[in-house]
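Following this line, the structures themselves.
Each of the next two complexes has subunit A plus one other chain: subunit B in the first, subunit C in the second.
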Partner chain A sequence: MVKYTIKRFGLAALILLVAVTTMFLMIRAVPGDPVSIMLGPRATPELKAILTAQMALDQPIWRQLLIYLGGLLRGDLGVDVFSQRSVSDIVFQQLPYTLELILVSIGWSAMLGIAMGAYAAAHPNTMIDRVTAAISVSFIAAPAFVVALLTLLVFAVKLQWFPAIGAGEGFADRMSHLVLPSIAIGLSWVGYIARLVRASMLEVMGESHIRTARAFGLSEPRIVGIYALRIAILPVVTVIGVGMGFLLSSAVFTEIVFARPGLGKLVIDSITTRNYPVVMGSVLVSTALFVISTALADLINAILDPRARADL
Partner chain B sequence: MTVAATNTPKSQSELGIILKGVCKDPLGLMGLIIVGTIVISALLATWIVPYDPIAMNIKDRMQGPSFAHLLGTDQLGRDTFSRVIMGGRVALKVALPAIFGAMAIGLTLGMIAGYGPKWLDNLLMLFFDTIRSFPTVMFALAVVALVGPSLQTVVIVVMATSIPTYGRVARTQTLTLRNSEFILAERSMGAKMSRILGVHMLPNIIGVLAVLAAMDIPGVIALEAGLSFLGLGVKPPTPSWGALLKDGYALIRQTPWLVIAGGLPIILATLGFTFLGESLRDVVDPKLRKNR
Partner chain C sequence: MKLEYAKITMNRRSVLRGASALGVAAALPATFGSQAYAADGNTLRVRSYGDMSTMDPAHSVGVVDEEIHGSVYNKLIQYKPGKEWGWQMDAATMIEQVDPTHIKFALRDDIGFTNGFGSMSAEDVKFSYERIIDDATASPNKPDMGSLSHVEVTGEREGTIVLNAPFAPLWSIALPYITGNIVSKAAVEAAGGRIGTDPVAESGPYLRSNWAPKSKTTLTRNPDWKGDAPAWDNIEILPIDDENTAEIGFEAGEIDFTRVSLGSVERYRAGVPNGGTLIENPSLYYLWVGMNLDHPKLQNKKLRQAIQYAIDVPSILEAAYFGAVEASTGIIAPGLAGNRAKGLIAPEADFAKAAQLLEESGETNVSLTLDVINKTTFTTTAQIIQATLASIGIALEINVLESGAFWESGSNENLQLILNRYSMTPDPYYATSWFTSEQAGIWNWEKFRNDEFDQIHKAAAEETDVAKRAVMYERAQDLMEESGAYRFITHEASPVVHSAGVIPALRPDGLGLYRYFGKT
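Entry: the complex of A and B
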């Protein structure tokens, strides 16, 4: 297990290294002088000189890469050329908003999805099972930003039940600001998780320890709710870990639609102002988040299922 | 997604069997109808649209739905219905080349990884894993920020991010097939690698990839619409569902029908392709049905 952990995180580190290098070379591959591109029309000779020194652009490219990587290891994502603030400060200031949104979204959808899936598995091929299946497929099809726009229109603009913009202040206000965005992100996950749980539940229900539980005369809700579900929700853990990239992507759009602070809004705002260091910093942080959560999901999977350890 | 060697389409009649299987499944039939409608209206768009989708008419701007303008008009007086129909064409124009490109490249790389030497396999897998490690939208935004928004940029971004999915599946299929008896027999008779891969393996892999492609299209349509919604996809005045949503979002209080007219086609299209893809998968390879 220790060996697997080291290997898995070693792979994650390698992937991150390749990803960072790719990004770095991509920026350099864009035709034109990077300093002028970064500064855009605002370039003055003084600003250009400062940036050239900051980014070590007068050095050969491999040294530039090494300097950049060395900075990353120290948590230094570079400096915002316009405000002279550190990029990591800016990014980590916005990150909690995005994480909060993602956690609330996946939280409610996982709970509802698991309940729906377990219920459907306990009553297979009944009307309720079919209705659950149909709802599942329909919800999977709904892209987060479209749902976000439609809920914004109906519940915030027309009915005015929930606030339309911002993240709110104080606990109750913040929660009410989270309702619509988390519905937009979570909706497609409900059906997905329900299907996953239903399938693994049906598999688990056929196993011997469930038969034993039945033979002991335990009540059906107890068997389904405790003994079977405990094993059946394992795939959900993996799927959420691997789905982190998708969740981040949905969060970007949802933040824009509801004008919420967060990584997504930060990236879009920086793209429109051509603030490349901030764009790259946010992309790197979200990539790291994704790589780490995938590795964690694999690790949890390996702890629970020793067969998975052989794959690496 | 392991062994799926048997039921891939090889001839017209097998295609007929698959089509029949899809039509028997109510959700599959619904998907087929929705997808068919979208494809046909996109092909015939030029003749269907009642107005020029980019012609401005300031006199009639921001009008609600009526008989003259079925879905109303936008802030520049352009007919929304015409823009929705033309938007379907743009959506397919991005989705199809991107998916086919990704499938072709992914298939080639995946087969090389599955059949070639171990070091090449490891290298290609690292390449796939790296691309997959970027959250799609973040990667797309980074590329758009660097090279600027356009229809081609969207196609390239979608293609690049989808290659690993196809590559991984093609690799797994190749690995399973590699040791099957008919391949061993062919190898022992001294067949060339190109013959083994092209003639014997390809037909057994492509069916699974085709199903994957059908299920991938919704995501691609959503990504194009999303980027256009952010103003980073196709350029105005090109009518795209995402661009409709962008205009609608800016004026959500004054012209709410724009958001609905832009959003419903996206939901319908994703629904249609998802139904069709799942039904196809069940017909082509019942073993993949596990997660339903």
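Entry: the complex of A and C
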């Protein structure tokens, strides 16, 4: 298991390096002089020269890349050219907002989706199974931005039950600010997870060890909840791990619609102003988040199912 | 009345059920209280379109920073809230232009800086202004100071601003706006010469008590402020880029003041939720179609004039701006010296004249490109222009560009027509400065070169007689229009809404002067 973990995280580091290098080169391929865009109409040649030197844009690209990677090795993500603040500070100040949004969204959707899927699988081809299927497909089909706007108009503007904008302060306030954004992001995941768990459960329920458990007279809830669900949940763990990328991209629009701080909003703002150091820092952390979550999903799978360790 | 008690059994399941019910009951008041998130009675919540970037006026990037700086710093003079541009005293008790290049001032004696940096003195004014024009500061706001030479300190709280040449915008841009903020010399020097994102010393009616990046900036009443007491204990400035999101926040009772989108104006005219009020203000933006005079396809003046006459501005305003804005007559906005009552060409298209000009030009099978930034308003505008030019036989291809590529258009030699939009500070000098020969290929993308225009731009900046300045700037815009390189469209508008308990204090272009906001 230790060897597996080392190999898995070694691969994750390699993926991160490739992603960062690719992003570095892609950003520099975007048309438009970043210095002119940053400084706007008040840019004098002298100011442009200062900023160009500060950002090392007068160096060949390969040297810029080496400077950046060298900084990364020292744990230095650079400095925001506007505010002169450390990029690490800026990014890690925004990261918790995005993390809490993603975790709460996936948390409630996984709980509800797994319960719906397991219940439907335990009662196949009944009315409740069909209703669950219809609800799941409806949730999957509902575009997140439509859900966001509808929930805002109904629960924030009309009923004023939940706050519409911002991230809140203090635990209770922050949680209440998470309700509507996490519904917007998580609703389609409820449907995905429910369908996935149902299909997986039906397959597992037909296996011989489940028949054996029944033959031993174990109760149906115990068979479903303990023996079947533990195996049926494996694909869900993998999907959630890979789905982190999707969740991060969903967080971008959610942060804009709900005026929440977070990594997504930071990336958009930084790209618009060509603030390269902040763009790179944000992308690096989001990529790391994605790579770590997939690696963790693999590890959890390996813990739950030893056969998975042989795949690497 | 007889009460019968059922037998109460305590087992694991009933305990869990009871605990769950208690948990839900406890959570209900926090989450299901109608109006629970409306603004607090002593806190004004306003929306800004961006987040603060610095507390240093020398490196301020514009309105977003100034909304904060204007409340925590003082200036000699501030913009006067109202429908007409003007200024009022702030830190100055006296300010007087004694001759075209000398302005004497005297400071109030009751303004102090926080963090133990003492009272505000003329040395602080000298330091604040001179560091803006010092090349070592590398301030992008240096041009706002125009011909400032230095500040002479004549007493502890008296001094004279000395200019190298007369500079009329000193009263409309330099002193009451970004560069006019007075910082503490001792505090800035102690901080190594540069202020970052935390203030080193403040002096205004509010103090910046907290900044949560991308989330909220909080201003709190300055307990040591001796001037007129501000009405609100706290001001929370929320950075919300999207106007539609801000509108939802306003309607949910979470924002007290915000600019709204032009598309929502009609709805708000019919009634503002929660007893709020809509205020429609002109804006300082200006939108126009420019034609690159250096491009081989646009050398024929008659062709350019045909394009000017074929563009139907009212159709654009109806389709792209929902009829919520007026046509413009030039680059200088209403309310400023030099705004023309009418342009040389009427906003309505004259297709007969356009067709005649095209025929006189001798050009046939004309096909051109129009570059436009990727915003819905501008792409809609471009489509209207495409349709109207097609009616006189000019084929127009629309190039939709991402902002980065668009703002590089000055160096694009293949540029033909461009739909462009600039903003300005409240002085005509700022508007004409981008269209001089010196700016050709930089911000003058039409490559408009006119000696008379250049002379007017320079002379009008030095002219202190408002009426004379107005005539000069009107002539400058006539020259632009006569060149055939410009078709002026609109100055847009700046509609804002505020909640029932707020008495807003606005610049004529609708931007908030938060330190002066009142409450009912």
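As a convention for this text, the second predicted complex is superposed on the first by the 255 of 312 C-alpha atoms of A that agree within 3 Å, B and C clash if a C-alpha of one lies under 4 Å from a C-alpha of the other, contacts with A are read in each partner's own complex, and residues count from 1 in each chain.
Here, contacts are C-beta pairs under 8 Å (C-beta built on N, C-alpha and C of every residue); 3 or more make two chains touch, one makes a residue touch a chain.
Computed from a prediction, not measured in an experiment: that's the story for all the values here.
With both structures placed on the common chain, the touch criterion links A:A199 to subunit B but leaves subunit C unconnected.
In the superposition on chain A, contact is made by A:S249 with subunit B only, not with subunit C.
When the two complexes are overlaid on their common chain A, residue A:R85 makes contact with subunit C while staying clear of subunit B.
Looking at the shared chain after the overlay, A:V137 reaches subunit B, while subunit C stays out of its contact range.
When the two complexes are overlaid on their common chain A, residue A:M280 makes contact with subunit B while staying clear of subunit C. Contacts of A:V157 after superposition: both subunit B and subunit C are touched.
In the overlay built on the shared chain, the residue A:L229 is in contact with neither subunit B nor subunit C.
Residue contacts after overlaying the shared chain place A:V257 against subunit B and subunit C alike. Once both structures are placed on chain A, subunit A residues 30, 152-153, 157, 256-257, 274 are touched by subunit B and, in the other complex, by subunit C.
Against subunit C, in their complex, subunit A makes its touches with residues 30-34, 36-37, 39-44, 46-47, 50, 82-85, 90, 93-94, 97, 152-153, 156-157, 159-167, 172, 176, 179, 256-262, 265-266, 269, 272, 274. In the complex of the two chains, the subunit A residues touching subunit B come out as 11, 14-16, 18-19, 22-23, 26-27, 30, 133-134, 137-138, 140-143, 145-146, 149-150, 152-153, 157-158, 195-196, 199, 244-246, 248-249, 252-253, 256-257, 267-268, 270-271, 274, 276, 279-280, 282-283, 286-287, 290-291, 294.
Across the complex, subunit A is touched by residues 30-38, 50-51, 53-54, 61, 135, 138, 140-143, 194, 196-197, 212-216, 238-242, 245-246, 248-249, 251-255, 273, 402-408, 422, 434, 443 of subunit C. Of all the residues in subunit B, the ones that touch subunit A in their complex are 27, 126, 129-130, 132-139, 141-147, 218, 222, 225-226, 229-230, 232, 245, 248-249, 252-253, 256, 259-260, 262-263, 266-267, 270-271, 274-275, 278, 290-292.
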